[in-house]
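Chains: A, B and C, in written order; residue numbering restarts at 1 for each.
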Amino acid sequence: MDKPRIAVYKFSSCAGCQLQFINFESELLDMLGQIHISYFKEATSLVEDPPYDIGFIEGSVTCPHEEKKIKQAREDCKVLVAMGACACEGCINTLKNYRPIEEQVKRVYEHPEYIDTFDKAYGIDHFVDVDAYIHGCPVDRDELREFVVATLMAKKPFLRPHAVCVECKLNENECLLLRENGLCLGSVTRGGCGAVCPSWGRPCFGCRGPNVDANPEALVEIFRKKGYPDDEIRRRFQYFSGETPAFRKGAEACV
Amino acid sequence: MRNLYVPTKAVIEKIKTQTHDTKTFTIKPANGEKFDFEPGQFNMVSLLGYGEAPISISSSPDNKKTFDHTIRFVGSLTNTMEKHKEGSIVGIRGPYGSSWPVEEAKGKNVIFVAGGIGLAPLRPFIMQMFHDRDSYGKIQILYGARGTGEMLFTDEFNEWKKHSDTELHLTVDKLEEGEKWDHTVGVVTVLYDVAKLDPANTIAVICGPEIMMRFACRSLLKKGFYAPQIYLSLERRMKCGVGKCGHCQLGSKFVCKDGPVFRYDEAKEFHDTLL
Amino acid sequence: MEREAVILKKSKVNDWVNVMREDHTVYGPVKYKYDYHFKELEPGMEVTLEYTRSMIPPKKFLHPQEENLITYRRNDGMETTPTKFEQKQVILGVHPCDARAIEVYDEIFGGDLPDVYYWNRRNNTIIIAVTCTVPDENCFCMSLDESGPTLEKKGYDLLLTDIGDSYLVEVGSMEGSLLLQFEGLFEKATEEHMHAKDKSVEVTKMKVQRKIPDVPGLHDFLEHNYENEVWAKETKKCLSCGTCTLVCPTCFCYHVEDFNRFNLEDGNRVRIWDSCQLIDFAEVAMGENFRKDREARLKWRIYHKLAYWQEQFGTLGCTGCGRCIQYCPADIDMTEILAEIRGDKVHA
C-alpha cells in the first residue's frame, strides 16, 4: 500500500503543535517509514499538490482569508484533523470574542485600517466538517503518536475523554483545587495531557476543552465556595475554550 | 501460575459470509489441542495491536477440533477481523462464562427468541439439541432481524426445519420496497402469537439487543411464563473476561464469570440494565 | 495465645530501614507539600509513621497505575513476562484500613483464576503495618471493623504500634520475623508493653467519630432507597472526575489498551487504572452505554462497595479510610448521603 500523503497546515496559531511532529526526533525515521509528507512548511520547503490523504490543521480561523483557506483545505484533504486547541476550540485567539473588535484592533495595531479580521475567532469546525480532534495547547506528543499510529492501523485511538483529574491521581499530584484553593479547571477539562500543568504546580487552564461529560455548573459552585468572584471564574472559563458549549455554560453560570 | 492474559494462537480455517457486515470464522487452536466449551460461552478474541473483545462461540459443542465466531464488523477490532484471511493467526482466551441451561432443558420444550446477531450465541445450544434430539421436547425458534439482509445462518434454516417437532418462525422489522418475503413483518414478539407459545414444561432462551430482550421477556410474562423459565445472555464491556477488570459488574455479579447467561428473575433485579 | 513481639526504639527506625534496604526495596509514607505519599525510602529520607492517610493507597505496589501485560511484535509473537523482582519489596507504615484493603485485593486477584501479575508482586511483598494513632474527622474504620485502628493477628507481616518512645513490633508471619534478626535494634517486649499498646488503641478508637450505622443492614437499606431524591441532589454536585475511586484502597478496575509504535509492529498491551465514574466505563462496542447517566455511576460506586461487595468477595468494599471523602473536590460524602437518607441530622 502507498504511504498516506500528509499535509500540515498553519492558521492563526503559534506553530507549537506542528512542532510536536518534529519533536518525535528519534522516532522520526520510523514515522516517515509510514507516512509521506506532501505539505508541511515548518518541516520542508518542498510542496506537493493536493489531494492529500490526511490534513492536520493547526490554528483557529480568525479572518476572511483563513475562511477561504480552510474551505480549500477541506476540499484538498480526504481526512481533516483539527490539531491542537486553536483548531479544536479556538484557544486564546477567542479572547477577542468577548470585547468589541474595534477596540482591540486599535489597542494592538498601529494601523488598524489594514486589519481585516472577524469579530470572533473560531475553531475550524465552525466552517468545515472535521473528522477528528487532537486536543491540547500544544498537542501532547504521546497522543499525537497514538492518533497517527492508530489511524494508520484503522484503529480507534486511545484519547482520554475523561477529566484531567484522572491523570493527576495517576501521577499522585496533590490536588491544587483542594489544597491550594486553585482556580483549576482540571475536573471539567479533557485529559490526555498527562495532567502536565498540575504536575508542575500550575492549575489547569482548560486548554483541551471540556471532557465528554463535564459538569461546569458544579465546578462554578465549588469556586464560589472557595471565595472566587464570579467575574474571575467566568474569565477562567473563557480563557482557552470559552466557545465550547460546556465552558460557555460555566461562564454563563457566573453572574 | 498460568498467565491468564496470554492468548493462545489459533488459525482461521474457514471464513463464511453471513451478511453484508457479518462473517463466521471457523478457528482452530494452533497447537492442535481440542477445544471444549459449553453453549453460551464466549472467548476473548485477541488481535495484537488492536486489543481484545468478548465474542460468543457460535458452533456446535460436539465439534472439539474447531469453533466458530460469528462476528459483526462494528469496531476497530472487528473491522480488523474482517480483513483476516483463511490461514491468518488470531489470539484466543477462553472459553469463559456461564452456559445456556442445556441440562435443565432436557425433557422440556425450548423456545429460542433471537434478535439479529443474537442468534449466534444461541446456535451452539440449537445444534446441541439437534444432536441429542430425543432428550428434548418441542423446539420453537423465533428469529427477528431488522431486514432480510440482516439474518444469519439463513442457508441452514431448511436443515433446521427438517428436525422432528421443530418450528422456525421468522420476522423482519421492515421490508425494502417491493421485497418478497413469505414470513412475518414486525418485531420479534409478534411471533409469539404466530408460534402459539405454551408455557407448560417449557423454557425460553433469549438473545439479542438488550432493549429487544426487555420486550421479549416482558411479553413472555404476559403469555403466562414465569421469570425462572426464561434465560438470557447479557453483553457488557469486558477487558479481561476473568472477573478482574471490573467493567462488566452488575450487582454482585461479573457478567464475564457469573454470566453472560442469567436467569431472567436474577437479571431483572440488576440496576443499570434495560431489562 | 501469647503474642510474639519485640520493642523498637523510635530513634532506631531509620537504622532499621537502612538495614532492611540492603536486601529489600523499602517504601514508606513521606510527606510532600500537603499529603503523604508512599515512596521508596532512600538514604537520608525521613519516614513518618504518625500520619493520617496517604493520598494514593499502598495498593499501587501490588496493582500499579500502569502495568505492561504483554510486549508484542505483531507478526512475530509476544513476550509476557511479569515484572521481575530482584529483591522483595517492603511496604512500611501500612495502616490497618489499607492492610484490610490488601486482603480484599487478595480475594479479587485470587480465586479460581489468579492474576499472575498481582501475585508476582504480592508474593514479593512484605507488609509492615502500623497501628493508626492520628485518625481524623474523615475516618470511619470502626464502623467496618471493630479492630478499627489496629489489626488482630492477620493482614500483616509485622505490626508496629506507637507506645511512647518505642514501637511495639508484633510478628504476623515468618517473613516478618526475618526482618527482626538484626543485632542491636530490638529489645524483648514485656506484658507492660502489651498493655501500653492496648491502651493506646483504646484511646485512638475513641477518636474515630464518623460512623456508618447498621452496616449489616446496608444492602437492604440501599436497595430500598435506590430512588431516594438525595441521589439526584448529589449527582448535581458530582464532576465524574474519578477521584473517589482512584484514591480508594479497594477499587481495582482497570482498562487494557494496546499501544503501538510508529513501525506499526511493536507495541505493548498495558493495563491502566480505570474508574466506574468515567463516562465510557460501561460502554460497549455498538455504542450502548449502560451507565451513561451520572447518577447511575455515582450510585454504582456506593452500592457496589456497601451493598454488593459482601456477596462477591466475602468482605465489604470499604474499609473506612476516608479518602473518598477527603479528596472529593465536590464534597460528596457517602457517610453523609447515608445519614441524609436515614433522616439523621447532617453535620455541615
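Simple rule for what comes next: a residue touches a chain if its C-beta (ideal position, glycine included) is under 8 Å from a C-beta of that chain, and two chains touch if they have at least 3 such contacts.
All values reported here derive from a predicted model rather than from experimental measurement.
With chains as nodes and touching pairs as edges, the resulting graph is complete, every pair of chains being joined. Between B-C and A-B, more contacting C-beta pairs join the chains of B-C. At the centre of the protein atoms shown, by the Cα-centroid criterion, sits C.
Between chain A and chain C the centroid-to-centroid distance comes to 37 Å (mean Cα coordinates, whole Å). Centroids built from CA atoms put chain C at 39 Å from chain B.
A straight line joining the Cα centres of chain A and chain B is 44 Å long.
Along chain C, residues 257, 260, 264 each make contact with two or more other chains.
Contact with two or more other chains is made by residues 49-50, 75 of chain B. The set of chain A residues touching two or more other chains comprises 150, 153, 155. Put simply, chain A touches chain B in their complex at residues 150, 153-156. Contact residues of chain A toward chain C in the complex are 24, 27, 30-31, 33-34, 145-146, 148-150, 152-153, 155, 158, 161-163, 165-166, 169-170, 172, 174-175, 177-179, 186-188, 211-215, 217-219, 221-222.
Contact residues on chain B toward chain C in their complex (touch as defined above): 1-6, 48-53, 74-75, 78, 209-210, 235-237, 239-240, 242-247, 249, 251-254, 257, 271-274. On the side of chain B, the complex with chain A involves touching residues 49-50, 75-76, 79-80. By the touch criterion stated above, chain C contacts chain A in their complex at residues 32-35, 37, 55-56, 65-66, 236-243, 246-247, 257, 259-264, 272-273, 275, 278-280, 294, 327, 329-330.
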